[in-house]
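Consider the two complexes below, in which chain A is the common component and chain B and chain C are the respective partners.
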Partner chain A sequence: MNKRLILLLLLTFLAPVQAAQAARLIIIANPSVVNPPTLSLKDVAAIYLLRVTIWPDGSRIVPVNREVGSTERTDFTAMVLHQDFESLAAYWNEMHFQGKLPPVVQESEPAMLAFVRSVPGAIGYISENTPAIGVTVLAHVP
Partner chain B sequence: MMGIVGFFSRSIPRRILASFGTIYLVTYLATALVVFSSARTSILESNAHTLQQLAELKYDRLDSAIETLATDVSAWSQLEVMNDLVSGDLDKRVTSTLENLKSLYRLPGDLYAFDAKGKMIAATRWPAGRVGNTLPSEWGISGSGLALLGKHRSSIENGKEIIAIESPIYGNFDRSFRMGTLVLSIPWTSVEKLLFSADTATILVDLAEPRHVLAEYPAGISGRVDVEPGQSTVGTKIDEFVVGRSTPKAGILIGWQVQSVQETRVVTSSLRRVGSELVLLGAVLAAPILILGRWLSNRVTAPVMELTRVVGEIADTDKLDARVPVSSDDELGTLARSFNRMTENLERTTAEREQFVRDLEALNLTLEAKVLARTEELEAAIEAQKRLIGDISHEIKSPLARLGVALGIVRLKTNDIAPKQFDRMELEIGNVSALASELLTLARLDVAPETVTFSDFDICSLVTRIASDAQYEAAERKSDLILKIPDREVLVRGNDELLRRAIENVVRNAFFYTTAGTPVEISVSGAAAARHAAITIRDEGPGVPEAALGHLFEPFYRVDEARARRTGGSGVGLSICQRVIQLHGGSVVASNHVPHGLIVTITLPQRPGPA
Partner chain C sequence: MRSRLGGQNWLLAAFTVPIVFGVAAPNAQAQDSYQLGHGYDVGPFNFAGYSDVTANLPDEGRQSVSLDDLSLFVSGHITPWLNPFTEAELTDLDFVHSGLTQGGKGGGSLVLERLYNDADLGGGFTFRLGKMLAPVGEWNEIHAAPLVLSTVRPAVTYQNFSEYLTGATLLYSDASGSIPDIDLYWQPEREFSERPTSITFDEYREVEGAHVKIPLSLLDQLGFSVQRSRDTLGVVQTLAGVDFQYKIDRVTFQGEWTYSDLSGQTSKLARRREWGGYLSVSYALDDRWSLYGWYENFEKRSTTSSADDLLFGVAFRPDPAIVFKLEYLQNIGGTPVNPTGLFASWSVLF
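This part shows the complex of A and B:
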């Protein structure tokens, strides 16, 4: 738990730096995520790689991906996870043996928005051109 | 019926045959009944068991089908695509998935996906004009597990009868996050299709209270069958129906029971064939048994029949030479031998008896001839004797007469020197002469009765004369005589001299055997219309012993020898009297007078008197 707190503090500290960059994607979360911290892209990457699974308030984090092949997914993988698909596939193969599956997939912007809006603790990403209605914006990429 | 009984009771072989037949019939009927009853029980039990197995099979098939669907629904609810329920299935991925599933699994009903709030998100069939439907109240939001919603009418399927399998949908990102509900509707017709078969009646019962029938085929069958499960779940036999019931089991169909029903009539239809086969078998078996029975009865009774025939022959023809053939060493053989022996004995005895009878007849003839000859000899001898007596009497009378004359001359010449002796001699000569005279009379009556002459005369005047003579002879007893004569003539036909001597003899006897002062009554009776006249001489003397009464009329019979000698009399008087009366067609009877005395009654045929 101490390590997680330190990580969160670190993320909070790093956030203003990233927000200053030109953003093409925005990281959104369910409004239930109270006192949303400013997340760095590393924090986001850690969440999407299931290294961080719990919000500071103790609630479960539900990361949501777009489908493979979508522009948003490609951009997100490149800009946030900084990995190609091969290494990611290898990573998830390894995680599969630990009983962990990749995040839930939603195949459209509205679906992503609707899911994040509906599921407590959910976190997702949308194009910055899409109005983030009913969700909390946690970060911008890049 | 009586005719049949009579027909069989008239002959032993028929009776044996009837007994054979009856024993066979009773035994076969009892056996057939047991076999038939066992077959029926067996068929019913076997059928009940089969029906139970059928019910189990149907239940298992239904259970398996619904269980499979339930497993499928449960699996489908965990598909990742169900996550889209959260986003309202914006991409229609859930809808397309449900449609694919329906198509792939050839589902008879429809799939419906509702979100956590009960809003219908996806379905393989949307209720017409009711877009945005919510979870119907009959489905509700069930618990956290899979549920089978029993037979009911669905509001979103236009009131169609269905069952439904309902599964909650949880997010696969968070198993505690309920995303919604997945419902599979199964039309009731599909359930019935799984259950029903044309050959057997089937009833599906929900045992949960209140117990009710869910489905039945054919319609109305449940009303005729007791659908209560009863004590045993093994097929219960009811009079009209045989029912097999599935065993209640835990599972998705808990509380449901399948009952397979068949009419007892149908089940036991094969029994009719068994029955006709039993009858046929009975008939087929009866023929050889009756033939065997007839042969046996004939064989057993043949000796008896032969014996009967021979006995009948003997009875009809009296021929005792008939014999029964001895064909065996058993009791019947012994009977035949004994009968033959008896017949032989009888034949011998009969022959002996016939010989004896013949001998007896011959002897009889000889005897008769001898008796005849002897009788003739005897009659000749008697005749000769009578004639001899007559001759002697006749021959004696003349010398006696001459002796009497000579004695008179001697008496005169000797001047009656010894008068007493002369008197005695004359008396004895007189007696002998009288005896000879009477014997001569008796002999004449026996030998030549035809010489006696008859005439009609009045017996009363004859009796009066006799009485008067008697009074003259015994003057001292004149007053003792009582004469009773009717005041009219009593005519009889006869010889008056002979009758006079006969009656006089009786009257004289009455005086001889009574003392002075003892009355002697002579009476004549003879009514004008009477056929007989009776002359009765009654005295009150000593009478005679009863034993002597029958001998009084025998010649020379004397009741009291000493007294007879003293009173005199030849001893043939009464014999002559009887002979005379008999000669006249009458009778003379002596009887004792009470208290004492003798009565002699002379009866003579009476001649009709002058009018």
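This part shows the complex of A and C:
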């Protein structure tokens, strides 16, 4: 068995593991969300598509997105929202014109965590590898 | 709540040009939470708007380069019962034009577009009170230049019904989108803070109606509208309409049709019915460039022949919130509603 074949076998076994690690996300919320509901991914999608804007306790939901191009946003968009970026951008612009606020953007994992931790009603997502300290975990993706 | 602007257009132009061309956008984008098109948050309020500069070069008549719209809108989300929204705009302000100004056109007007509060009733129901856009077709509800297909608006999307209403609306929106969205609305008297006659067609009062929207996907939808109204001349209008959007890969189809039965004080009208429809096709060359076109047939109440218009254009969208459009409209029959000629626009949602 030559070196090239060994390398190919290693890549074959390692690649799915790395892909799975990158794909796993945690849905998090500010601790002010009292009696947090059990959220399905459809519920999370309804929040980010602005069809649900209020938590069961009456407080406002503040959805938070990562920046375009980040791995987390790409995975979240594909696995939870099931949409393409162009359609989502057009949709959120239309919603904004009708008075519904699109998700806030935070440009790093620590910024996302800090925002969700500090803003009442905020909901966001982080990589499963990041410790969810000071926030409430609502769901796992996938 | 509205005023005409005098001979200070160049001063206004100097002030507004940086905003309308998006000069401030790169700096704004650098801020941590700002995203072009999503406005700026201050506490529970969001400040946003859009601008639209147009070049209008019809083959006949007045040509101009103008600020078609500079709109600012503020939305607040304070409690479930208190969600105020307001939009005011500077509209129809010529930077340069040929010929004489007629009927106040091109002089600029400050208008109140919307002023309402949304109360969340729970269960997907919202009660809206104030001045708002009438939900007749999709185009009227999202009529901001950066959001719509073309610079020239098909007549059927705004000329033959009350675009605004001042009163109450009950809205239903299903969380999953599996049940149609429903709007029921009622305006008991005249419109609050009516737009100047130089930029309106008919002034309505006593407006009531309903709109049902069936979501087919995120942006695709099928809508049905009914509206009954009485205008200030005493013409009673009963309208029924259908609108849709459907995307197949890179091709998007849009259309709207309305039919109105006219009664009451109709002696000054050329006909007792008014109907029209448009069908558009757009093709995305890539995520920035697209080609589009539409055909419209519109039978206006004040003319005896129906207008046939054909439009082709190209759009460049360097950002989802910025779009440049260049298009040519050809009247191919009947009494023109939109003039034949070349039109262009540069619009920014900020």
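Operating definition for what follows: the second predicted complex is superposed on the first by the 118 of 142 C-alpha atoms of A that agree within 3 Å, B and C clash if a C-alpha of one lies under 4 Å from a C-alpha of the other, contacts with A are read in each partner's own complex, and residues count from 1 in each chain.
By definition in this document, a residue touches a chain if its C-beta (ideal position, glycine included) is under 8 Å from a C-beta of that chain, and two chains touch if they have at least 3 such contacts.
Since we're looking at a predicted model, the values are computed, not measured.
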item	value
Touched chain A residues, chain B compared with chain C	C
Which superposed partner A:P110 touches (first chain B, second chain C, both, neither)	first
First, second, both or neither for A:S118, with chain B first and chain C second	first
First, second, both or neither for A:R60, with chain B first and chain C second	both
Partner chain(s) touched by A:L88 [first = chain B, second = chain C, both, neither]	second
Residues of chain A at both interfaces, chain B in one complex, chain C in the other	60, 101, 104-107, 111
Sites on chain B touched by chain A in the complex	80, 83-84, 86-88, 90-91, 93, 171-174, 177
Chain A - residues contacting chain C, complex	42-43, 46, 49, 51-54, 58, 60, 83, 86-94, 96-99, 101-102, 104-107, 111
Chain C to chain A touching residues, read off their complex	32-33, 35, 37-39, 41, 44, 46, 48, 50, 73, 75, 77, 79-80, 83, 85, 118, 120, 141-142, 144, 146-147, 173-177, 218-219, 287, 320-321, 349
List of chain A residues in touch with chain B within their complex	60, 62, 101, 103-108, 110-115, 118-121
